[in-house]
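One chain, subunit A, links the two complexes that follow: it is found with subunit B in the first and with subunit C in the second.
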Partner chain A sequence: MSVQIKANGDMIGRAVPRIDGRLKVTGAACYPSDVVLDDTAHAFLVMSTIARGRISALDLTEAQAVDGVIDILTYENTKGKVHKVRFFALGGYTSTSIVPLDTRKIWHDGQIIAMVVAETFEAAREAAYMIRVDYMERRAVSGLDGRKPQPRAAAGFLSSEPGVGDPETAYQEADVKIDAYYSTPAQHHNAIELYATTCAWSGDQLTVYESSQYVYGLKNGVAKQLGIRPERVRAVSPFVGGAFGSKAAITPRTALVAIAAKRLGRPVKLVATRQQGFTVSSYRAETQHHIKLGADRSGRLTSLSHEGWEISSRADDYKVAGTDTTSLLYACPNVATHVNIVHADRSTPGFMRSPAEVPYMFALESAMDELAVKLRMDPVELRRLNDTQIDPINQKPFSSRSLIACYDRAAAAFGWAKRNPEPGSMQDRDWLIGWGCATACYPTNIGPAEVRVTLAPNGKARVRTAGHDLGTGAYTAIALTAAEFLGIPLEDVNVELGDSSLPPAPVAGGSNATASICNAVAHACEDIRERLARAASHEGALRGVDPAVIRLREGMLVGADKSEPLKSALLRIGFGPVEGHAKYTPEVASVPIKLLGHTLLSKGIPVLTVGTSAGNHVQYAFGAEFVEVRVHKRTREIRVPRLVGAFAAGRIVSPITARSQLLGALIWGVASALHEETEIDERVARYVNKDLADYMIPVSADIRDVEVILVPEEDNKVNALGIKGVGELGNVGTNAAIANAVYHATGRRIRNLPIRMEDLL
Partner chain B sequence: MDANSPLKASLSASRALKLVLSVNGRDHRLSLDPRVTLLDALREHLGLTGTKKGCDQGQCGACTVHVDGQRVLSCLTLAASVEGKAVTTIEGLALDESTLHPMQQAFMDHDAFQCGYCTPGQIMSAVACVMEGLAETDDDIREYMSGNLCRCAAYPNIVAAIKQARAEMKRSRK
Partner chain C sequence: MRPFSYERAHDLASAIRAASHQADAPLHAPIQFLAGGTTLLDLMKIDVMRPDRVIDINPLEKTFSEITVTPMGLRLGALARMSAVAHHPAVEREYPVVSQALKLGASAQLRNMASLGGNVLQRTRCSYFRDTSWHECNKRDPGSGCAALQGLNRKHAILGTSEHCIATYPGDFAQALIALDAAVEIAGAKGNREVPFRTLHKLPGDTPHIETSLATGEIIVSFHIPAGAYARRSLYLKVRDRESYEFASASAAVALDLADGVVREARIALGGVATIPWRAVEAEDVLKGTMLDEVRARVAAEAAFAGARTFGGNDFKPELGRRTLVRALLEAAALEIR
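Right, the complex of A and B next:
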């Protein structure tokens, strides 16, 4: 399909309130955990209390005696019921290769070892605590100590190891050198909606109500786990109470709830507790980094090496390998990278917002600041000097790269010119002031998407696709796109998402959804326009007008100074609504994706063209972030009164919701720098701060002024609409900007996150 | 009986409590396990799912409702303990079918949420903070709203929304 898609109306880019806002402020938005079905039984999970070993005995006697208990699933009655389904990072569906309730084996603390089902939530919970478990425990390995250098381990799967030139020799010969280790902690998504699942069977038809970033993955994966045809499963998730990567792959709980509902012949609802949520789904694994930078006296990089270590489970090789990004960020002729996986007795990690960039860019952007200090150079000027429009590894051009424009806009808004570079030189009464900056970047990923749009004679449109709105503003961006291309008011567009009975859309991950789906919507609308225009060119007011110039505008067909109401044009080709259909394949997709993309999409297998695999160019969005920190002279309390981020991410479809995403992401960056850490008891490989009181995330009192600047950028190479996506861009680099600001305030370089008061004593 | 078939048991009705809950101006007769929290009574027994469960242990604020005009965490409140008191939830906040409460409108106007899951709790807390005179300055708003976590981190927009609604709530009181 080679239709011309060009947005020239005034809907895309218009600042409108999110269209699902009213449902959210009135409590009417129905999240999957809100579903209440008649005759529902309630489930409660029981989790392992050791990290490695075997269950030697399970005593259910007391649990079964609890009033209201109906059923207890354990490996004894569930073994073999859940089929092993491939891990998502290997092109499968599941968040872990560990099959639930399949054996006595314990792989990690907090592994599901039983599920109680009862008439009420209260009875299920009571019984769950009555189950007696005996273990044969083995000594567990908890992970890596990020504060000590790690040995080089074996590389895992799909290791691309980008590199170029002779970085070792260049490093030896460099005028100025940085050689440092950095680390980032384990983190958990902690979306405010708990992990909840309701399963209901109607004959052999299963409906799964579960918050999801990928309803097609959920449908197809659960079908495989249960050994039934995918047509027998429907996944429903019209609203998602936060996800951040935790709801993309299928977690072990879902199949268990489906099995329980089948055994009981009635709906079963599971709501995992906040504590259980720490091992019900995935997490961001702790990482360590070794960075070596070499530069000449002017500041030009001559050598860059970046080695990473990441924790994975014993069941899976998972890694985020952010060296794909850090290797191409700056002009440097000699680059080496390597990523190591360290296996431990832990659950399998997974995506968490900007999975690769948050840890790896922390290391690189901290090291760049250290280099600027050593060179006695302004850190913005160091980035300017080493900026590049060409990927230094493969010599491909960036489709567009407005990094320096972002730095200039953000620096001006921040007042960076007034910075005294001397550490500790800026003070306000009892507070040391530090100003720091860092680069944000995120690959522009895009996938195939299928959309159906109907336009009725009353001028109302329906857009249907199994996309997801995680709070991202997807409903609004999609509605704006349809309104633009159909020439109708926004309020006449109805968008349906989050249901696997709709046409397939990609996983809401990797910030691809707006680009993938809005381009598909444009094509589906174009399908409608073309059919109306062709018919209109034969008769009526537009007779004889070239169909190619006829446009839909303000409820009319217009072309060659003539016009016709939409209604009469629609009635010409039928009595009901006209349907436009599009199977959009990204323009930049590889040949295999062009051939197989839609087949894989319909099977719920993610097929994204990523920033470094887009044909003859590389595609990334960029930003520049500036922060002010204040460190109290005596208590060493750290505050962040001010953040400014400027971002260039191609065409912004929905500016209000995009701004909110970037605003929230900057605050995620504060959390990454100063708050979040899942703490691990190393003796038993167990998380110790498994709740929202002890797992630190920012509260309102932690945040003051946050400014988001959207830097205009046109990019006609990434896709027809020029969209790059903003969901994960904003929280990249923020942690480094804060660490750099802490150095500026105190002269203390903190290389291990999070930075806490005790690090500055 | 096959070892794999569901165990037979039934909930004994003897422990059930009969009570009347007044929610959003309507009385509801319920028969509940005494351990049922106000949150679960609203969500699972009355179908009022606007009040959200985010932690079930008083740490996130998503379940905030008003009891006799005071903000309470419904997850830490037993349903039986509010019999005879007036419970207001997010569903009962709008002035009528077509007119939102100024706080609801302000949250929409300032895009003071993303996923929306913490939003009902934020709004219930915000209304109470304004009524209690604890939202007079930006610092007060930030401090007194810090019991309501927003993982999407819409905090600056929430502060802006509360300031707008504060002005309107004061106007309408005069």
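Right, the complex of A and C next:
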């Protein structure tokens, strides 16, 4: 579709409160975990307590005797019932290649080994505690530090191992060098809405109520797992209580709930506990990094090497390979990258907010700060000197890149000029003060999307697409876009999302949703405008006016100083509402996506054009983050009283919800630097801190001043509306900014996250 | 959670009668008292505690929640809520360490529910204790071993440990009580008895499943904190990984009686580092009769942790504990007392 789309900016960019906010704060929004159907039976999972081995015996006698127990699914009665479906990272649907309840084999701690179904949740839980399991246990390996598993060259998912020039020679010849190792811990999403699923059959028709980032993936994937046609499955997820990547691929629980519901002939509901959630879905695996930087005396980078090690399960080759980003961030003529997967007795990791950038940018942005220190140079000036508008690997231009504008805006707001660069030089009574900064960036991803928009003679519009609002503000951004292009008030737009009976939309991942869906909405509205304009140019007030100049404005058709009410224009071409339909394919998509994108989309297979695959340019959003840390002189508690982030991400459709996303992301960045870590008992490859008391995140008292600055940026190359997406931009680099600030406060360079008081004693 | 019967106590005597004559140590007994429920219900949900009967003593709250301040000292009913005591003006003024220890515990919601009696009996946060899928836990299952000794033990104790258990006593309020030589009044089948608070908690030794000297059926009814010249110059310092809703990595309850910078009497208790509420008598002795300054505080802190033993993950704790105590002593000495 080559329709010219131009936003007037009447509605897009308007600061309006979240349109679904009232529903959420009053409890009227029905999340999938709120769904209670008549005659529902309740399920409770039983998880393995070893990480490697086999089940030698399962004794269900006591559990079956519990009052109210109806059914217990184990490998004995479920083997072969769930078909193996391809891992999502290989173009499939599932979060793991391990088929649930298929064998006695145990791949990881917390693997589902049984599911009890009972009349009540309480009875199911009680019976689950009474199942006796005997194992043949084998020695398990937990990960990178465990028993030195052999690193293995990675198979090619997403990463191309970018490189250019001769980094080794350039490093040898460099005036100033940094050579350091960094690491990040395992982390879990811990969305507040737990992993909940209700399945209900009506004849051979299955409805799945499940908190999801991808209802089309859920529908198609579960259909494949159950061996039924996708048309027989409907996935419903109108609201999502947090996801962060954990609800994108299908977890093993869903098919089991569907099978139980079929066996019993009644709906079955499962709510996995917080503890079980640590292995029901995916997580961010721990990473290690080796960075070598070379620079000349002026600070210009001459050599960059970045090697990463990542954990995956024995079942899958998953990696995030953030070297795609770190290799093109700065102007450097000699670059080498490599990523290794280390297989361990763990569940399969997966997407977690800025999967690649959070760990890999921590390493690079820490190293850049170390380089600035060695050069005795201001870290902002080091970034300025090495900024580039050309991707150094492929020599393609950035579609737009406002990194330095972000640094300047954020530095001014922060008061960076008052910083004394000497470590430990700034104090407030018993507290050492440290100021640090780092770069944030995230690729601009976009995918095909299909949208239907109807406009009724009363001026009310309905937008329908199977997108998702993860709390991100998607409802609001989509409504603003429709209001803009239909020329009607925001409150007259009704948006329906999160249901696979709606037209297909991409996975809500990779921060693509606003760009993909809003462009599709614009096209669907354009479809309506065009039809109304064409008809109006033949008769009525706008007769003879060129349809191309006719616009929808304030409930009217307007053009050439003439106007006509919407109602009469609509009734001219039919009796009821008129429907606009768009199958939007990104302008930057490759030829295969242009040809096959919508077919794959309808099958629930993600087809995104990513930052480095957008034809003649690379597309990224950028930001700069500044933090203040305080470290107590004696006891070394670390606190973060102040964060300032400036971000440029093309056109901002919904400024209030975009700001909220960035605010939350900065706070998450604090967590990623100082708090979050999934603790693993390496002796047995098992997690030990599986609740929100022990898996630490900041509490309100930890967060004081957080300032978000939206830096204006126009980009007409990324897509017609110039949208880049902000969801995953804000928590990139925050961890490095904090580590850099800790160095500034104490003179101690901490290269392993999270940073704890004992690192500074 | 397993099925259990729930009943409400109408008077103290019948509650005690109902719960006496149980064979097990009180914390494992099949009959449990329910006050704020912030520990018991938690542990029941995760299957660590499995009582048959739960006797709700909240109907007795009116009788047992009084806060009385007299020249002789402070008397606190065991069913008083943490928040009520923490914000009581006389407690804040006369016994700052008590008020602060309570305010720094848990979260506002928990403090509104939790009773003082339940607070001092709260159970360890050791992950291996709280997750029944770990087979080794001498506290949960006597004789099964201790997974924390060789496992993840960053949060574990360095004082008062044994080869059978290194679980940390998690509370804060108990440190204030033990520092101020509080007494605890206990009601039981044979009537009431008042004993020093320091005798309530028992070192793990080879019986870590026996955590207190309470007999079955006994209920804590009140705490008595005697007045002392040191009480007003007191504070509770809690050092932790985040600003709130987090247990201490190290804490210190400190009360000082100073005359021209010379310590007439010092009371010190340590939290987050020991298996029980920990009185640091050795440190008190070091300070008595000396000028309190940085060097002296450091000597006292060395004495307090002389017996520390670490287990890998908590190797940093002796130094953190010493620094915490030094900071607490110096901050207490610097307080302006009106």
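Simple rule for what comes next: the second predicted complex is superposed on the first by the 746 of 761 C-alpha atoms of A that agree within 3 Å, B and C clash if a C-alpha of one lies under 4 Å from a C-alpha of the other, contacts with A are read in each partner's own complex, and residues count from 1 in each chain.
In this text, contacts are C-beta pairs under 8 Å (C-beta built on N, C-alpha and C of every residue); 3 or more make two chains touch, one makes a residue touch a chain.
Keep in mind that what you see is a predicted model, and the values were worked out from it rather than measured.
With both structures placed on the common chain, the touch criterion links A:Met757 to subunit C but leaves subunit B unconnected. In the superposition on chain A, contact of A:Leu328 is made with neither subunit B nor subunit C. Of the two partner chains, subunit B is the only one touched by A:Tyr31; subunit C is not. The partner that reaches more residues of subunit A, of the two candidates subunit B and subunit C, is B. In the superposed pair of complexes, A:Arg274 makes contact with subunit B only, with no contact to subunit C.
Applying the stated contact rule after C-alpha superposition, one finds that A:Ala693 touches each of subunit B and subunit C. In the superposition on chain A, A:Glu637 makes contact with subunit C only, while subunit B stays out of contact range.
Residue contacts after overlaying the shared chain place A:Ala701 against subunit B and subunit C alike.
Look at A:Ala614: by the touch rule set out above, it reaches neither subunit B nor subunit C. When the two structures are aligned on the shared chain, A:Glu122 is found in touch with subunit B and with subunit C. 122, 693, 698-701 are the residues of subunit A that lie in the contact sets of both subunit B and subunit C, per the superposition on chain A. Here subunit B touches subunit A in the complex through residues 3-12, 15, 33, 35-36, 40, 43-44, 47-57, 59-60, 62, 89-91, 93-94, 100, 104-105, 107-109, 111, 113-120, 123, 141-143, 145-159, going by the rule given at the top. By the touch rule above, subunit C contacts subunit A in their complex via residues 1-3, 46-47, 107, 125, 127-128, 131, 133, 147, 150-152, 239-246, 249-250, 316, 319-320, 323-324, 326-327. Within the complex formed with subunit C, the residues of subunit A that make contact are 47, 49, 122, 125-126, 129, 275, 430, 632, 634-637, 639, 674-675, 679, 681, 683, 688-690, 693-694, 696, 698-702, 756-758, 761.
Listed in rising order, the residues of subunit A touching subunit B in the complex are 17-18, 20-31, 33-34, 36, 64, 66-72, 77, 117-123, 189-194, 239-244, 263-264, 271, 273-274, 470-473, 656-657, 659-661, 663-665, 667-668, 671, 691-693, 697-701, 703-706.
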